[in-house]
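In order of appearance the chains are A, B, C and D, and numbering begins at 1 in each one.
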């Protein structure tokens, strides 16, 4: 099956290529890049020394294909998605352009009017552990953000079970690759080396995304206190989620919820990000704090893996009717 | 003034030495180390190439001195403190052995019976921004833990002002040096490199320490949800503190509280740990979250600086009647 | 084909397991570990969450197998190899116990008398680009050291072509994983973080290993000046090799030598270690320095990949008559 | 004494500020920055929270001063130096614009014609251990490059003693801060994290600088084989220098040469970069390789310290007749 990658030279694009080159059902037929068009992939990334590396980056696809992966800025996806859908393509959009159901949130959180609100309803939020059946029939997938993936998998058992929730307080840590490939001062190596800091404490695009899913599943608004922090490594994401809710025995509930899931594991000790870097895995670790009377959950993912590109492939497999795990049998580097 | 360092070869000991060698009022006259006794300091740490480096580590002090800094395990401090006080020394203890007022907490949190409960009352908790006057008259200082320093400075304006608090949720990040100098598997460089993880989510010694200070200042128990995380750098600590409390305008309150403080600064953007590494500084950044209705505060310190050794010197200066800031005019490496 | 891994919990053992679990011809039937015997693999390394993770570590193999991979200390391999060969096993030894042809070098470089000198002749040095044919018929492979792999691939075109060499000066950089998994003070994360240093400048075990291969191919002794340096990352190795030799046009010679090699690539710019981490690749970059009149070559490998475990699998494939590249189609994490 | 810093917001500028704010003889009276003019220093770098932080960056000095430190691009220094000298200022130039004595080398190595060749003779190369007396009387100091500082201190005892040298092969490692503050793709944190690579293997500006000093001291040309490598940390530089020369007992010679030097220490084991980061120190470690018949020297400095800004202050102290070490009593962070 032929696929096209739009925005092939960003980090999520390269990660998709890394994974798709070993996917038995996929042939990458187009690498779209405005900034690098005309070069071969290996000229930009010499480590793609094999066949895929000889493919030339272009401004437009040169041949037909079935599925488009969009690794574009939000605004780029916003415009391109309707065109591709009209052409009959299936689309997996890794941006935030189609993740929110309520178009009125876009001006505040994304600084643009959403011009295709009808597609927001059509778009399926691509978190397979929650929306697997909808994904199977979708033509447009809004691939989840990295923070929402880590947080929603940490609390989904509660939502599924209808546990009564009062408050949720989240502090999430991300490696720097989550900020994208464009060089900026704060992420210049000598400055980021050994540094860590919080950011976007008042307003972050992923907050309405998480709240939207909670409302969809749960019926009510649960405003989230969300504090993201950048830590000095490239990949990895950890969410520390404190939930004030009715008392539960979480371990059993979590084991039960994720028993059949190929990519979500309930850990028996607080998980390390190094257990998941390079994979599509998520480890969750829940415990009930008897002193304070709340649930504490820690989850870890690879922000470029389950938080972006490998999750996009999981969605692709589901959409296309392939086995959900093909191409995702990924091992990690230890150490 | 002659001082002795007990446990001179651990990280807090070395940091003390680094700072004391430039302190105009101090002469380090004894370096106590059981494991390295008989060696010169420069044989263990070749970067102490100057006069101090020629000092020999010994099992016991060889000459009289006035103040002892204890950089020992909790159990070591527990036993040594009464002896030193009897000898008429002033003691600054960097362990947790005398930090809690309630002796009944020690078996659960420290795994030992406290044999000197009378000294718990006598010990002054060495956080100058809260207990400056008491410190001036103390003969035994319980130098605060790193997490408590970062958290208590983040919420002290609320406590001082008597703001009504309902819940406090804390996630704190620490560089690896906080775990001490003894090599262990998790902190072996190849394994910790690029990794981050939560630990001690159910029980951490710093929780009763923080709760004790809050109760002392505030009169009531506020159980804390506390989640510590290790991040892959050597130094630096960041606490993300969410406080559900009556509505306030935090910036003014924080500016007012810390106006005269030489070492606590109210930042106008979320602070970076790199702004404080190597110094005795703490930056705090408070904001009111209008959506959720809570206060969010972020604070940063150097876990070995304001979180340990430079704070010990601040306490020393206060105890001895020196100017509070001498020897603490520290600059940081940027980048 | 059933294989046993001796020393399964060290870094080269874990890396072998990571790769073998996706090797289509291999079933790992025994994980031998003295220190962890009795535990399941996943109890030690929770990221082995799949089938392999359920295998129990044992002190001895419980069922028959065909090939043994030895990830043991030199002394352990020294003793075990003769026993396994007698039992009819094929052996791939990742230690240095059988790498030198001259037994008289062992006391000086390895601090032991070699008790099985007859096996030194029988052992085949497992660098496929040089000794491919011998490897195919071997029953005992001495898998090369990481430094020798990077250096010998950097100069092999000269040796093959019989270029007249006067002097070779080598400075090699290694990530910390090359020092093994046992925690030690220098490699405790807070101390190694941001540090780099040279070591073993006078005597390093890999020097006679490299000189032995050069002599075997070249007929004469070329004493090597070799300076190894540890740099603060986990994986990756770079050798900077300066060869004073008769004048050549190196690019053509190197391209010609490695044209058919699946795992050695001639780079068109100085290669990055990040191009090879997690793979079995080696990039070499040669240039003639006209000012000084010498050849400068830079090579990069993953010290745990082509420098150890993936090279062991390449040797395994050759020994067993499988296609040389199976199980080695490895992609790297970028960034 | 009033000083001006031109280019105050680059890494060498900030490092100068860090050190000068504690220099007892200096008042920084002008911070010149084209890109940040109009802002206060603390607006750009919030960690300058003290008095110096309130100083406003300007395009030109607003008041008179005596000494200018130039932390500018080569071209900027080239033009500015003659103007400042005419105004009667003393100038310490941290760029390469006045480091070479032979103007004909500039087009090849710096891509510009040198328009002030008469000043090349006047400029004193600011390596105090070699040119101390000349520095004392200078009005223009060409502050050395970081690589030349580390290499020249590693071989100066040979040059001073007139040891007969045949060849010198150098591989030098540098932290990323040596590449400056401007964000570029290769040094974007996620890409540089865990990476290391050689660069400028054929032509590097520091080669004629080193060869020039050797010729000046030694009378003959010794072409240098020089291979620089970037390693994934912020600060630190290590040079591995192999010298083929007449046989010597190096330790005694090195001890003798540097006995009185306050900032150069002869190490008794291979030195770590972490021993010098943040200081003006250089550790050298020489050994004679009896097998190969050559001298191997390893030296370490902080590329921003002895390799740039603290060396500039050492030169300043000498020029102004102050004690050489004032303001340079710097301690390092360990760990």
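The criterion applied here is as follows: a contact is a pair of C-beta atoms (placed from the backbone, for glycine too) under 8 Å apart; a residue touches a chain by one contact, two chains touch by 3 or more.
All of these numbers come straight from a predicted model, not from anything done at the bench.
By residue number, the contact pairs of B-C overlap by more than half with those of exactly one pair in A-D, B-D or A-C, and this pair is A-D.
Relative to chain B, the chain whose mean Cα position lies farthest away is C.
Rounded to whole angstrom units, the spacing between the C-alpha centres of chain A and chain C is 37. In whole angstrom, the spacing between the mean C-alpha positions of chain A and chain B is 38. Shared contact sites, meaning residues of chain A that touch two or more other chains, fall at 11, 175, 177, 181, 188, 190, 193-194, 232-235, 271, 274, 277, 334-335. Across the complex, chain D meets chain B through its residues 11, 14-15, 18-19, 21-22, 45-47, 49, 177, 181, 193-194, 234-235, 265, 267-269, 271, 274-278, 281, 283, 329, 331-335. Of all the residues in chain D, the ones that touch chain A in their complex are 11, 175-177, 181-185, 187-194, 232-235.
Taken together, the chain D residues at the contact with chain C in this complex read 167, 169, 171, 173, 188, 190-191, 193-199, 201-202, 223-225, 227, 229, 231-236, 238, 240, 242, 244, 270-274, 277, 285, 287, 289, 291-294, 296, 298, 300, 334-335.
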